[in-house]
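Chain lettering (A, B, C, D and E) follows the sequence in which the chains are written, and residue indices restart at 1 in each chain.
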Amino acid sequence: MTVDLASSYLTLAAILFCIGLFGALTKRNAVIVLLSIELMLNAVNLNLVALSKYGVVPSLTGQIFSLFTITVAAAEAAIGVAILIALFRNRGTSDVKDMNEMKR
Amino acid sequence: MSPDTLLRLQVSDLAFLAPELTLVIAAVVFSLVDLLMPRSFNRSAIGWLTIVALAGSAAFVALQLGVDQPVSLLNQSYRVDDFALVLKLLFLAGTAIAVLISLGMKKEDLGGEDIGEYYYFYLPATLGAMVVASSADLIMLFVGLELLSITTYVMVGMRKRVSVSSEGAFKYIVMGGISSAFILYGMSFLYGLTGSTNLLEINAALRESGIDQFAALLYVAFFLMLTGIGFKIAAAPFHSWAPDVYQGAATPVAAYLAVVSKAAGFALLFRLFYTGFFQVGSAKYPLHDDVFLTLAVLAAAAMIVGNAMALRQQNVKRLLALSGVANAGYLLVPIVAQVGLFHVSGYAELVYYMIAYLFMNMGAFAALAIVSRASGHDDMRGFAGLYHRAPATAFAIVLIVLSLAGIPVTGGFFGKLFILLGAVEMKLFWLALVMIVTSVVSFYYYFGLIRQMFMRSGSEESPIRVTPALGVALWMSAAAGVLLGFFPGPVLNGLERLFRFSTDFFA
Amino acid sequence: MLDNIPILSLIVFAPLLGVLALLFVPKENGRLIRWIGIGTTFLPLLLAGWLYASFDLAGEGTQFAESMRWIAVSLNSELLEQLGSVETYRVQFDYALAADGISLPLVFLTAFVATMAAFASVHIKKRFKTYFILFLLLETGMLGVFLARDLFLFFLFFEITLVPMFFLIGIYGLYEREKAANRFLVYNGLGSALMLVAFLILIATAGMSVDGASFIYSGSYDVIFKNMHDAASFSNMGPEFAQNFPNPFFLTEGNRTFVFFLLLIAFGIKLPIFPFHTWMLRVHTEAPPSIVMIHSGVLLKMGAYGLLKFGVFLFPNEAKQWAVLIAILGVVNILYGAALAFVQKEFKLVLAYSSISHMGIVLLAVAAMNGIGVQGAVFQMISHGLISALMFLIVGSLYERTSSTLLSSMGGFAKSMPFMSGMLLVAGMASLGLPGLSGFVSEFLAFLSLFDEMPIVTAVGCLGIILAAVYVLRGVLGITFGAATEASLTYKDARWVEAVPMIALAAFIFLIGIYPAVLSEPLQTTIGGLEQLLTGSEANGGG
Amino acid sequence: MNNYVLVAIFVALGVFLPVAALTLGRLLRPHKPTAQKQTTYESGNDPVGSGQVRFNVRYYLFALMFVVFDVEAVFLYPWAVAYDKLGLFAVVEMLIFVLLLVIGLIYAWKKKVLKWTSI
Amino acid sequence: MQTYFENPLSWTGFFTMLAVGVLMLLIVLGFVTYAIYFERKVIGYMQLRPGPNRTGPFGLLQSVADVTKLLIKEDTIPSKADRALFILAPAIAFVPSFAVIATLPYTSNLYAADLNVGLLYYGALTSISTLGIVLGGWASNNKYSLLGGMRSAAQMISYEVPLILSMVGVIMLSGSLNLRTIVEGQAGWIWNWNIFPQIIAFGVFVIAAISELNRTPFDLPEAESELVAGYHVEYSGFRFAFFMLAEYVYVYAIAALTTVLFLGGWHAPAPFLTFIPELIWFLLKFSAVVFVLFWLRATMPRIRIDQLMGLAWKYLLPIALVNIFLTALVKELLK
């Protein structure tokens, strides 16, 4: 592995991933939560693309993989927002803290 | 990999993909039917057609069973082997029962206006599960998994006017998204360290090169993937979403999540960790052993947490969700009890328990559908006095509950028994103890249902009407549970004959 | 003639005939249901009597053995292809029944107590059909436990008793019935779970046998028994195999102790041994009398039987090694039960604690680890089964009249109910071990057996007998001759449907007390082998 | 690589221009804010309520459609570039893929997503 | 130029590139200034009026004067607006419009950045401008601008789909995403220009492109009659100028892209006309496209919004898809 270059990309990806995870788990606004998940997936994309060039065995597969990730992320985001809209219509709020109708 | 060297799909290969194609075509056709038919058209027909499509697909799968040499399609990324075929049958059966349960329920409790969509959404979801079972490539695994997940997100949120449904769906999509990200992140490292997304190539690369050089990253990859898969199979400590999501989902959808979705998660885990990490490790970093030790700990945690939390539940859907958490723990045990001198992979045990789990869980949800149709809620007290209102149904539910609790002579009992036997063979005494003690704890809440039905009297005394579809689903599950209990031999022998570790995973 | 008839299967499954018949009777027809229920219990009783009569007293080992392959699951065929010489490798669970000297009297006891309890079921007032179906299922389970010759089958029957009991307690019990049913289920479930683990470990190790080119794991008691006592028999698998691999079927010293303790706890819960007894008190107080008869009379014996058969017979070395512990547990049981029985205000609780105390005597006898000890244990099991059945039968009848079992509310029944009072006295005297009654024989044997080994422990245990006399007399005399209330004079004596089983039970108590050979002779057939086993095991020990 | 340096320079210039122009503008233009000037414009009336009103969900549906077909393009582009090397089978595969998406379009059409009914 | 691309980056190379960038910026600004003048003149003549003719000779300084006016005009930010976003929005709209210029080739030797994914780069960057417009509409905290912004975004993303898909046919013909390679593939006679084999795609492309530019007949986001001025109601002074600037830079970009993709770029319509310099050919085609855009504005009425969306999804998108497979089919048949 071309350690230097790869590791800087990987570090960036790791940071993005952690920010995304933090946001997804702690933010109150549902839209931000969804965005955070997108951030996590994009961190993965960065990782994949970086590793496809600087990995142990460089190959194109990583970039192909990232295409699929992008697609899936798009679908997930689309459905996430759709569900959020349905929820907003029922509940009138997009605050994650208000999603507690089902505690027991 | 230039395009010229790609192993392309041949027309002759389509025969191997017949089960999947059946579902795709059916989904497309049904969606068009649903679109083009007038409003007066009874959408239940689509439900029945869905069952027909599932049966057709199952027939194709059954025809392929018993392959000597697995078929690899699409540049080695898609495998038709017995491991996958058996699981596919399982998925299809589970889906069919879920659809059957739906057919016995009120339209408003499922998808309301979108009942047509509701029915044919089962097809792509199941297709996703089947792809997961068959794929030997990270990309394919991921795509299959996401097809399943994303479809189920929608299915959970299908009841747009019901607030809990949307809430459950939102929680599900957030947790599902996070878990996908974890799995992907782990996969990206695995890819980076081997330069391939093919599981066999990954395994070969890791074994050849030795892992000392980048062991840390490999461990990171493993734990990331495990976390993600832990979410998907709802194993503790990654189970927190399950009760909420199940409660929000329509009953058959919850059943689908509990059975098919979970089984697909196991297919993923089994294939990924067995093929990917088989005999990978070095003296300094015994990755392979660590992987399975971690899984053992996860199994124990799931069993303990799931059963402990289920004790307090009054809502049956939440209860079943947590029972599903515990069952995820049980199902992990045969995966942990892997290759030893006289024990090769717990595949037969795993699948046997999955079959039993399928029927008992589907039966439990069918029972819930019957009861909540009458009472209008999912609470435990809806079962009160059921013995007086519908004795036969109560009896069937007893059979199902016995199977869930693992009391002989039922499928659930034998499932657990064989899992335990495997664990004991591998000298995993502590895990066996945890498993059995926690399943005794589960008696308390499973028999809670029986207490309600036989020892309490409900607010109403009028007989409960059981719709034919629900009745069939319930009795079929109960009967299957009992049959599996009395005659476990043929099924297990069949599984044992079909599955070959060396060919199914490494050919 | 008997060779051709699967008599043991008939005994076990005879109650199911009743279940089948009951399914077709409309539930409104209470009378018919009762008669079918009671009538059915006579089938196994008669068969068991016949069995007892035709048991070959001169024979050794098991008799009337039946065996049929039930589940055979081939394992890991994939590995075998590489091994070569082995053709099949499977787990096999047989449907195997057999009677030996220990199970024979217990089977009879079960069938007998069940019939008596069926008579006592006249006190049941609701849902007869369900009641009798469950009752008969329970009987099948109990009979199966004592006859099963396969570890797995044993476990199965053991578990089968749980579910009907759960229902019977939960539906027909008193006010706190659900709690009692839950306790019962969870405790016993735990016990059977631990038992299952122990069994599975045994099956996966000592359960191995080689039959030609087949490797078989089985739960067969005989195979496991043989393997446990003859380390060399493991190697009946071909020599070339033994050379190539370390024997994977070997139970290490630690493992053996582990399994032994699993079994001790598992059966200890059922027995019940002191810290695990709380569930049993609830069952005794909350369950309907007929069910308590079964429970106290038979179900508790399943624990003792299992401990003997699996704990002691399969692990004689471990049992010997820990005999002091078992003995101490026994003494604790005796004294604790007796002491608490003394202070109870509820007659049912007096009886419940007395059961704990009496089961302590069984433990004590087991700890002796010799022939007389085993004999004492079985005697005590039978004797206590009969006595407690009689006691609870009477208590049930009394409760129907008085609606209370508080000692303070009962008294002076000798006048209004002379027959029942008499029976109560008989049971009480037997319980405290009056010579000529069954209790004396068993207690005598138990203490005698242990005296050589552990005189001090035995002496302390004997204290329990004195205490027993005190609490039994306090309870029984209070009820019969104590101060009568006004109401107590109005009660009617036993109806014939109550009287018949009382007389029958009392008759057996006398029979064993006067002519113990009726029990000891069949016992000898099994104990003979045991003596040898226990003395010889040290030489062969270590598996 | 250097191509991208040039691209970066273009982006930087693109950023630089507004910054420079607006900074320059600040020196030149007058700055006399009054409350009247800073009210939200609502055709001369006093503004009512918040400006960030809830807008029609229809916009979201268009966004969804866009995502679907934009992502389709992500797959079509590499396919188109490598088209000469892929052969007829790839055409059929892509045809199936596109047909599935067209079914999505028909779905949206039938569900009246494409019909613009309000603001 | 090429040497700087191939060799390792040096300071000389960097400053050369910087110079190129600044030059392009100036050219583009010049273009915008005179495109506006040109547009007003064209429309003026078409409507039988002279157009701007007071400031400078023939009114040539009219646009300069307008820009100056905007520069010294007071810049108000509504008190209710989201200040940070309000300031950011025009820049977000403008930056990508300028950045896409980097990849456009003018002649076989005259180009800025030679990206092998040029077309993808173009498509990716242009969609960012939509964000600027939505942000502007949102940040103003004004109902008109919000609706205008949303409408504009809806329109732009709707037309982006056929725009992108119409280019797939061209990519299939040339087998590359590099704009220079695409132009190289159109050498020779005029019928080699992509406009002929890809006439369907060209039609779709032009319609979608006009709509992307928010120009008549698709200028609904700024429909004065109902939305006052659309997303930039609240903008004044130079911030407003940047929205305008972005729009006209896109006119430049689209015109150049149309030339490159469909009109043969710098190639002469016939081999014997190659004596005329490539740049001239390019500029001719480029100017023609720009003229057509202005011409359309003078001619067409604004269409209704329901027609607008219907056109994109119900007609252009299926046509674009059909075009892809027609191209594939024809290519297979000709093989």
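Here is the rule we go by: a contact is a pair of C-beta atoms (placed from the backbone, for glycine too) under 8 Å apart; a residue touches a chain by one contact, two chains touch by 3 or more.
Here the structure is a predicted model, which means the values were calculated and not measured.
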Message = Following contacts chain by chain, what is the lowest number of steps it takes to reach chain E starting at chain C?
response = 3
Inquiry  = Strictly by the touch rule at the top, which chains does chain A share as contacts with chain B?
reply    = D
Key: Of all other chains, the one whose Cα centre sits farthest from chain E   = C
Remark   = The pair out of D-E and B-C sharing more C-beta contacts is D-E
Query = Of the chains present, which has its C-alpha mean closest to the combined C-alpha mean?
reply = B
Query = Quick one: chain A and chain C, Cα centre-to-centre, how many Å?
reply = 62
Query = How big is the gap, in whole Å, between where the Cα atoms of chain C centre and where those of chain D centre?
reply = 79
Task = Provide the C-alpha centroid distance between chain A and chain D, rounded to the nearest whole angstrom.
result = 20
Task = Please work out the Cα centroid separation of chain A and chain E, and write it as a whole number of Å.
result = 32
Inquiry  = Residues of chain C that contact two or more other chains, please.
reply    = none
Ask   = Hey, what residues on chain D touch two or more of the other chains?
value = 63, 70, 82
Touching two or more other chains - residue numbers and ranges from chain A = 75, 82
Request  = Give every touching pair of chains, nothing left out.
outcome  = A-B, A-D, B-C, B-D, D-E
Residues of chain D touching chain A in the complex = 57, 60, 63-64, 67-68, 70-71, 74-75, 78
Key: Interface residues, chain A side, partner chain B - complex   = 1, 6, 17, 20-21, 24-25, 30, 33-34, 37, 40-41, 43-44, 47-48, 50-52, 55-62, 64-65, 68-69, 72, 75-76, 79-80, 82-84, 86-87, 89-91, 99, 101-102, 104
Request  = Within their complex, state which residues of chain C touch chain B.
outcome  = 70-79, 89, 91, 155-156, 159-160, 162-163, 166-167, 170-171, 177-178, 181-182, 185-186, 189-190, 193-194, 196-197, 200-201, 203-204, 217, 245, 248, 258
Message = Per the contact definition, I'd like the list of chain D residues that touch chain E in the complex.
response = 1-7, 9-15, 17-19, 21-22, 24-26, 28-33, 35, 37-43, 47, 50-53, 55, 58-59, 62-63, 65-66, 69-70, 72-73, 76-77, 80-84, 88, 91, 94-95, 98, 102, 105, 108-109, 114-117, 119
Message = Looking at the complex, which residues from chain B come into contact with chain D?
response = 3-4, 8-9, 28, 31-32, 35-36
